[in-house]
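Letters A, B, C, D, E and F mark the chains in the order given here, with residues in each chain numbered from 1 onward.
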Amino acid sequence: MSTREDWPLPTFAIRESFLGTANASSGAAVIVAGVPLDISTTNRAGARDGPAAIRRASRMLGGSYPDLPHDMHDLDFADVGNFGMLMGSLTETLQTIEEQASRCNHLIAMGGDHLISLPLLRALARKHGPVGMVHFDAHVDTWAENFGAPVTHGTNFRLAIEEGLVDPRRMVQIGIRCRVEPDVWRWTLDQGVTILSAEEVHLSSPRAVAEQVKAVVGEGKTYLTFDIDALDPSNAPGTGTPEVGGLQTWQARGIVTRLKGVDFVGMDLVEVAPAYDVGEITALAGASMICYYMGLLVARSVGVRTNE
Amino acid sequence: MSTREDWPLPTFAIRESFLGTANASSGAAVIVAGVPLDISTTNRAGARDGPAAIRRASRMLGGSYPDLPHDMHDLDFADVGNFGMLMGSLTETLQTIEEQASRCNHLIAMGGDHLISLPLLRALARKHGPVGMVHFDAHVDTWAENFGAPVTHGTNFRLAIEEGLVDPRRMVQIGIRCRVEPDVWRWTLDQGVTILSAEEVHLSSPRAVAEQVKAVVGEGKTYLTFDIDALDPSNAPGTGTPEVGGLQTWQARGIVTRLKGVDFVGMDLVEVAPAYDVGEITALAGASMICYYMGLLVARSVGVRTNE
Amino acid sequence: MSTREDWPLPTFAIRESFLGTANASSGAAVIVAGVPLDISTTNRAGARDGPAAIRRASRMLGGSYPDLPHDMHDLDFADVGNFGMLMGSLTETLQTIEEQASRCNHLIAMGGDHLISLPLLRALARKHGPVGMVHFDAHVDTWAENFGAPVTHGTNFRLAIEEGLVDPRRMVQIGIRCRVEPDVWRWTLDQGVTILSAEEVHLSSPRAVAEQVKAVVGEGKTYLTFDIDALDPSNAPGTGTPEVGGLQTWQARGIVTRLKGVDFVGMDLVEVAPAYDVGEITALAGASMICYYMGLLVARSVGVRTNE
Amino acid sequence: MSTREDWPLPTFAIRESFLGTANASSGAAVIVAGVPLDISTTNRAGARDGPAAIRRASRMLGGSYPDLPHDMHDLDFADVGNFGMLMGSLTETLQTIEEQASRCNHLIAMGGDHLISLPLLRALARKHGPVGMVHFDAHVDTWAENFGAPVTHGTNFRLAIEEGLVDPRRMVQIGIRCRVEPDVWRWTLDQGVTILSAEEVHLSSPRAVAEQVKAVVGEGKTYLTFDIDALDPSNAPGTGTPEVGGLQTWQARGIVTRLKGVDFVGMDLVEVAPAYDVGEITALAGASMICYYMGLLVARSVGVRTNE
Amino acid sequence: MSTREDWPLPTFAIRESFLGTANASSGAAVIVAGVPLDISTTNRAGARDGPAAIRRASRMLGGSYPDLPHDMHDLDFADVGNFGMLMGSLTETLQTIEEQASRCNHLIAMGGDHLISLPLLRALARKHGPVGMVHFDAHVDTWAENFGAPVTHGTNFRLAIEEGLVDPRRMVQIGIRCRVEPDVWRWTLDQGVTILSAEEVHLSSPRAVAEQVKAVVGEGKTYLTFDIDALDPSNAPGTGTPEVGGLQTWQARGIVTRLKGVDFVGMDLVEVAPAYDVGEITALAGASMICYYMGLLVARSVGVRTNE
Amino acid sequence: MSTREDWPLPTFAIRESFLGTANASSGAAVIVAGVPLDISTTNRAGARDGPAAIRRASRMLGGSYPDLPHDMHDLDFADVGNFGMLMGSLTETLQTIEEQASRCNHLIAMGGDHLISLPLLRALARKHGPVGMVHFDAHVDTWAENFGAPVTHGTNFRLAIEEGLVDPRRMVQIGIRCRVEPDVWRWTLDQGVTILSAEEVHLSSPRAVAEQVKAVVGEGKTYLTFDIDALDPSNAPGTGTPEVGGLQTWQARGIVTRLKGVDFVGMDLVEVAPAYDVGEITALAGASMICYYMGLLVARSVGVRTNE
């Protein structure tokens, strides 16, 4: 990955791709792509502009961190831009997303709202069968319907479980603190999902939480889905359905970077809505989480360049 | 209409209904309602929050204006809140809007994006047959499709014309200045639509434009649809698809308030997206245009209280 | 409480009353009302717009939370809008607030600045005599005067104590971290007020703080006053006199929701100034605190519907 | 006036006094002072922060303009900071403002809300008797009361006329476009006040308006009061009670700079509320108007340095 | 130019290059590039982020306009990203810009501050000798020094004239309204520069101004430099040194689009500072001006594709 | 220090100097000055406006705090405004800063970007030789070059160490969490610098960190440099290069106020960029840190008034 030409490019001049990469090849080992769908949001709109904001903020990141034993420059990744979308029908839209996702070796998707996880998981399940899932969120996203609509950013994981895309016994939710109807709560627990509330994270430590997470997902194929509203509204105001009492970025950083060894097969980072952000801090938090995930790949030698 | 209780309510304390009215009766002669649908926007989202912003800004307005010979307090109007919506399917959503609109005596709708005009016109056409239309906008909204979708906030008036809801020879567009494919432009003119570009308005006067408008719509039933992006981005930054070179509010005020005598049967004010606004100026512009329309009703004794 | 009509209302379409309630009856067991007075602020203005912002943000809340054993839908509450106010004289203004408060069964007031607590406590003391008080704040609010004015949002609790409205030995302040003249500090402690600084909360746990609070207020009638600046500026930028080093919302949530059993007779949530907020996070924090308080009422069967 | 020390100060480094002046002497011929009172506002608050914002924006201004035949550096002026205020009682507050104004040779006051004009005119009337007045505003400000309060930023000029501070036959209002009760309108015209609506300005030219203004005020002592909401909300979003359809800054500039020869004895610039501004454009507009007024003084050799 | 892949990309999903082009080839007939240098600004910083904001806003533009007889799709243009820069020394930085500019066939540069015009003109003068110049600006930019610095965004055109890069008798400035020291003003006029003040534009018409401009520049090679602060702060708040009384976008649009026939050899659009913008309106204005310029090229068959 | 005149000044009316002081004498024992240089920033610009924002926010501060045994009013300090600067050449600019710093008894500098520390340390080293340093930051600032430039806000402390201005074995960095090339990291550690990462602070306590800091700097002359990006982006969004996972203000407050006994000889607070701030929280955090430092001086009787 090179972001330099004949003369150096200061951070502010770097191209607005993820980490400023010039690599846009769909054949790269790891693909970063935007999926700017946000028509299923039930509160504030605007996650469609999330990918652009995350790319912009990411330019400060990349490279190597003293406490993370790997160098991002080793990763063979490309930013292929945003997925195309048919907008006339939600069903068709989800199919186009699934199809585009299927073509990627290892996909890191930038939402968009949380509904995008559904077609992404459909694409993954075709290859791997049901996967485990590490799910950062304020909300359980296992409702049966939202405001009369069966397919939204709040029913996505009920559908994913029912469709057999995710193995709920290998699924852990971190940061939960929303209101939930008792039957939705019970259904979720009954499937075998592990729920770590935000308060539990505050009263624990990143290391201990990471251990719990690893115990749940075990050694099988696992997906990471990070709804930015898992973070506290002070850390991520730029999102559609904020809830007070959320995680601090230092906690999320501490948890994610300690998930070395998990066999991740894909990731999404969703619900960044820049119109409600300040100083790009929400986008920066999102970009940082993706970076930490990339570090996990490098540490596990996934998607690493072979002969450069 | 009373916004006072035992003690006076300063403007900032007035309830956030349109003009602060306490009347929420669906049987009022004139109904103000929000239709916060915005899932068909093609650029920036957030018109769903338009109704709330317009209500809030409207609290400064109402009453009588020295240059307008009527008193808004004479109008028998209610603010019934927002329309309910089924979100699962666009077709169904439009039907629920149409049905709710059908129940209103004389509806002033606050969008939402411009697609809401389609079901509102469907409801009107049931009663009145094809209506004339005064259409403020930067865009012609007569595309055959947008990004693969046939029913959006850019195809709404092609559909309205094709469905016979609007009589294109009694339709006038004011403020147009967008890019348009030549075939779309030609189709629109071929239907008989009159187009007054923004520059033509700048080089003319509000009085002269009002005369042109009245000449086009004549004496038949007429609808007013006001896309806030008819205004210049400086006057209305809070919208989804701004275009430079638009109208100033003094021009729009000057045109609308001079449309006395036109037989208006309904109005909508759409595309206010508060997340991009500053100091509520876009919402205030929208609320003001609705107020001027209400003044036209009073001046024509439409919807006026009978025995108060 | 129903926020639905024939068709469902997505969160963004719900009416902007507290929790979207349609109940505006002044006879409800619990009354939510705005008191948008802010003329006594000494730094930034704008708390007059607090009630509207809190209502708007509250629409995401309500219902039941897995870790709180009650359902908000059981509460018989109404949002009666904002109090009227005579603006000519501060004395008269406070009297109108007191009188309106006196008419409410159990009042939850949304400020406005912190001075509103004074007339609210006057109304309560008429019924109950001196009450205990749980007081979240960055500031002690027991100054003898502010900038030459004896009745402001900084002298309110000196006055409340001197007038015998509050029993200072049953009063606890949480989150204090402002500069204070030594004589003001000494006076406050001399009255018997318990002060828990913000740093003490950071170095303790919500559970331990809640125990301390309950020990101070005991079993008598108690008032909850929550100045949003008790929270850290990162959690609540939208306020008039922010101070660094404040509480996180997870801490405030953890403390308030553990105050089960306290005999609360009223609450106010003050100093939300939306013009300085971002992404509505301050308003959301305020709305959440009110919700947690409502949960305490339900848990104690206060204001619960009898036969619905 | 020097804003330089040993090394030059770029604009952004200049001290935040008006035009960056280091002169704070209360004995200067012309005094610029802030009067940050805003407790009488009826809609949005925050004009208290107007003086600071105007000072900050003013640092780009000053000097000489090719089309204005004078050099601001010749003016003997000082920025004495903000007036002190007793906050306990409005009557007392107004007295402290009047007294401080009385001590100034020639005062240019930066508000604060429009009520500050009342004590300033009281101070002037002591010296000069009733003055003429050039009054830029969206609102007539001649209400008899506002929301039950007799002394507010909407009753100020009714009081000024009734107290004999202003000669209404030598008073002209420019930019008016608010709603007004018919009796308020009639009262104002009956006093002999000349009203130029905003639309009249749009349909005229700055030169013609300036001629009308000069014809009204004649050769007597005259006061200039500029409510920033005379400007269109697009030009001045940062204000408390914006009204659409207002003046553009080029028009206000064109009018004010053509008022050479009028015998001005003081000025105020009010209602700049920075919390609602964008890019400091409202504050800049305010600072510019003050600058043009200063140019009029220099052109008339008022307040010009004698031997420097 | 195609911005589509297998599935359509809604506007908000289009890549953030100029007009969303995928063409990044440095061999294209017309090159769009960012030059994000802003270290010479004397007031507000941040023009370094101008290119990104302009690209983002441009995605709504392109195509054909009914009143402009050409189709932008015919233009063979590429967006090559941002120029690299050596940051250690201003002299060296300017050299790197000049060198990169020299390699482009026909360059449209997005600033950055106005100093970038200097190296761009140096590159052009190497090829063409002194050029004529159409210069939109609030400021003359012909100072001899700014705050002790000889090479800034305020001395750029003094240097350009002195170095013989621009022929001052074929140079016209449009929109001027800043304060200027008399000697700077005189020097500028003495060189033969034509100055059209903003007020002159307001009192004239776009057509008449365009005629004046064409008369000045004649038939020789001509450069277009558009400082966004030529526009009024209401139209372009996002800039470093705003001045009230500026042009409206409809006027700038009307002037630029009427400059058909001028032999343009390059353009820059500078001083967009997004941190001070609202709703992207400044960036949109900038992008629109570039689009109009591209239309002039197409109309003159400059840079048009040959066999597609 | 008095901020009062005949009548009291509410907080919002106090002059915008540090703590509202009227003392601008360069002979004061402690000098507060702005150094608004920001041309070496590599990401977002605008730290030039930091001093003004910090002054404004500081008006709420000062006086005495219950948990800090001293009274700020005892300090003999002045706010002398901003340093002048030659802008043409970076070398010269740094010299002018150094020279102005040399004239101050004990300087507290408000940046500006972090490069200003270099000339300030040069001035100090002239008097004291190499000093110890307490360095709050997200970044090590010991790069050998940034984007081709050898003297920037990222190379400042490499230069300071190499020039012998700072004794690296008495230097401690707190809050570090940026990406760093391994050789830069190693170089820093090899010099003997102590690095406390942000996560180490989160997992420790302010008291323990303060002890570590005191152990490193010992009893020699010591400098405090506080880059506001040491704080978490949620606490300090208004800065140029934010990094997630940073310190909370309560932690920074807890550490700084416990550094009693350290022999501090100067301080700077840098990288506040108000254009990216919300509700002034970043500026307030910066002003607060300066206040705590002043408290340390008073506690050590440095700069205290002798006979007032």
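The rule is simple: contacts are C-beta pairs under 8 Å (C-beta built on N, C-alpha and C of every residue); 3 or more make two chains touch, one makes a residue touch a chain.
For clarity, every value in this text was computed on a predicted model and none was experimentally measured.
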In contact with chain A and chain D alike are the chains B, C, E, F
Common contacts of chain B and chain E, by label, are A, D
Note: chain F sits from chain D at a C-alpha centroid distance in Å of 40
Chain C to chain F, mean C-alpha position gap in Å, rounds to 37
Chain-centre distance (mean CA atoms) for chain C and chain E, in whole Å, is 54
Note: chain B residues in touch with at least two other chains are 7-10, 12, 42, 44-45, 48-49, 85-87, 146-148, 232, 234, 276, 278
Among line, ring, star, complete and other, the chain contact graph is other
In contact, pair by pair, are chains A-B, A-C, A-E, A-F, B-C, B-D, B-E, C-D, C-F, D-E, D-F, E-F
Per the touch rule above, chain B residues touching chain A in the complex are 38-40, 42, 44-46, 48-49, 85-90, 146-152, 275-276
The chain C residues in contact with chain B across the complex are 4-10, 12-16, 34, 36, 48-49, 52, 55-56, 81-87, 96, 100
Listed in rising order, the residues of chain E that touch chain B in the complex are 7-12, 59-67, 205, 232, 234-235, 248-250, 253-254, 278-281, 284-285, 288
Residue positions on chain E within touch of chain D in the complex are 42-45, 146-148, 176-182, 185, 197-199, 202-203, 232-234, 237-239, 241-246, 248, 276-278
